[in-house]
Amino acid sequence: MQSPITDPSGAEPLIEFDRVDKSFGDLKVLDKLNFRVDPGERVTLIGPSGSGKTTILRLLMTLEKVTPTADPETEGGVIYVEGKPYSHMEKGGKLVPASERWLRQRRSRVGMVFQQFNLFPNMKVLRNVTEAQVHVAGRSKAEAEAKAGELLELVGLSEKADEYPARLSGGQQQRVAIARALAMDPDILLLDEVTSALDPELVADVLAVLRDVAETTSITMLCVTHEMGFARDVSNRVLMFDNGQIVEQGAPEAIFSEPQEARTQDFLRAVLAE
Amino acid sequence: MQTQWSNETLREIFPAIWDGFLVVLQVTLVAGVIAIVLGLFVAIGERNGPVWLRRPLGALFQFVRNTPLLVQVLIVWTATSLYINPEWSAFAVGSAVLGVHYASYTSESYRAGIDAIPKGQWEAATALNLPARRVWGAVVLPQMARRSAAAVGNWIIAMFKEVPTLFVIGVMEMIAEARAFQGQHYTGAVEGYTLAGLLFLAASYPVAVAMRRLEIRLAKSNY
Amino acid sequence: MDFQAVIESLPRYGEPLLVTIGVTVASAALALVLAFTLGLMTGSRRLAVRTPARVFVEFFRGSSVVVQLFWFAFAMPVVLGIQFDYLIVAGIIALGFNYGAYSSEVVRGAIAAVPKGQLEAATALNLTPSQKMRLVVLPQAWPEMIPSLCAFAIMLLKASALVSVIGILDITWLAGLLGKQPGQDRLLHYGVVLVIYFILAWLIWTGMRALERKAKRGLGIDAKPAKGRLAPAVAEGGAL
């Protein structure tokens, strides 16, 4: 089953949300949301808290499920990745909500870095980075450790490989978390407010690592952040959210210099005043 | 009825009480393994088992937890000796009932240990696509073990002190030994019960202190 | 299985049920008094107050309640020369002392957990030590104690079945007696008794929940709805 929207340029979008709804109880966080991301794009999601940005990342990581629609073929409510259904699967020619097995298979190309790092505290840094390589990607221990070594060097933490996460600063833990996500060679990297939980002086190191990743790889990145400078430098496109809808989108220069919508202007004024 | 304390009787009854104490230790070992292992399965089963199993399992162990060990021992012993297999020893049946009874407590401690693991740990495991076996084996259980170790240890100490209940079905622990001695010699109950109490004190106090130390040490550890 | 005989003999459980309830309530009352006395004493800064209470608590926590029951009933009259007219008193004292010692740790812990700023504020208002305890500390500590005290109350109820083995005529004793009579099914009688204990445990739990809600309302806290778990495992640290 192909995604219903065809791109005039012919390039197939990597990620596509087709009229996606998401509610938590009575609270509607995404309202018939349409949007798409091309391969290699760096997209930053901005907007007031509660506007649904983080929910988009969590849906892509399958930590949440879309609110089901009665007839996905006509009503939408489906997420596609690489042109194939992602939140749903095909069964008897129809789209049905994905099974856990299907999700296991599909989410393997997606990686995520969390606001709270979420390193495994019972594993040393090295094993945090090798665990999934060995037990999910099926690499040998030596292979996984070699890869972990490279990535720890990339994030500047080679000498911490043998420490427990609790002995690292928040910024260091977050850099390990980035290495852990990259170790699985994801096509899509989701960054969920990765600097919000950090003390101000630790933010720069983490952002430097991410800038480095953005420059040296072609990984598609979706990023929820309040770091406008970082968003401006790294992203190709900025999406402004409010009430589960995209209010405005465009190149970072355009959004940050000449926002068209009043809501965007208010939001940027509030954030930059901080 | 005996009317006087006798050091002579104390010396005579000591070997019997000591034998009873060794039986208490054996029961504790067997029942402790059951409580530690079964409790873990119950905690996991109640949380992540098949949906049809969760409620009945929870209800069953809630019932076990809220009814007296003594009556449970009596009812199971009646069932095995009259209806199932009279060959089964009181030691085996008593240890099994004691172990299951305390599994109803340890499962709660395990459950609390699992619930205390931050949600982000499960989410990170999902994001890395770890299979369920690894999520439990490498992420959840090691973190749970640290959080639950002291509590489970305390339940095992409590269980140790409840072993004498099994005298009602004829397990020859200290109370039963003292009563048997009394039956033969018409004296010794006073010395026997006193000795039994002191042996418990001597055995469980150091372990309880060690457990408190462990609790403090685990609280200060890396995770 | 002969349900008829069991149903017909149900009325005979009436009086033993009063014994079970009586033993539980009396020893719980004793345990509660001891818990507060010992809890305040072990939390004291004065060594002369703390030490005897500590010894008492460790002595009764450290040994087995079953053995203590036999000791109070059959050894104490000889060793200490104290003889009760009724064996049931020995049972109540053994249970009350044992669970009082355990519960005192709950009281001590809850008192210690009251934020230090509260004591400093009370000092700033120039309250006397007993006023501080009565007006500031205990009202805040009490709601925190209730769940753990509830767990101990249920454990005490369960332990009350042990008095049957020293010859007190409670429901466990009656089930054993009736079960041996011809035409009666022992399994069914024990089953009946288990259900009675479960109902009693549920009543304790429900009562304690109501008490906790009331105590928390007194502090302006909305008690969360019950999680639906009867008798939680005793609060960590307060246990054993």
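Worth pointing out:
For reference, chains read A, B and C in written order, and residue numbers begin at 1 within each chain.
Operating definition for what follows: a residue touches a chain if its C-beta (ideal position, glycine included) is under 8 Å from a C-beta of that chain, and two chains touch if they have at least 3 such contacts.
Quick caveat: nothing in here was measured; it's all calculated off a predicted structure.
Hopping across touching chains, the smallest step count from chain A to chain C is 2.
Ranked by distance of CA centroids from chain B, the top chain is A. The two chains most heavily joined by C-beta contacts are B-C.
Relative to the centroid of every protein C-alpha atom shown, the closest chain centre, again from C-alpha atoms, is found for B.
Per-chain CA centroids place chain A at a distance of 54 Å from chain C.
Remark: chain B and chain C have CA centroids separated by 20 Å (rounded to whole angstrom).
If you average the Cα atoms of chain A and of chain B, the two centres end up 48 Å apart. By the touch criterion given at the top, residues 58-59, 61-68, 70-71, 74-75, 78-79, 154, 157-162, 164-165, 172, 175-176, 179, 186-187, 190-191, 193-194, 197-198, 201-202, 229-233, 236-237, 239-240 of chain C touch chain B in their complex. Within the complex, the chain B residues that touch chain A are 118, 120-121, 123-124, 126-131, 134, 138-139, 142-143, 146, 222-223.
Against chain B, the residues of chain A that register as touching in their complex are 61-63, 104, 107-108, 110-112, 114, 116-123, 131-132, 135-136, 164-167, 180-181, 184.
For chain B in complex with chain C, the residues that touch the partner chain are 2-5, 62-63, 65-72, 74-75, 78-79, 82-83, 105, 108-109, 112, 150-151, 154-155, 157-158, 161-165, 167-168, 174-175, 178, 189-191, 193-194, 196-198, 200-201, 204-205, 208, 215.
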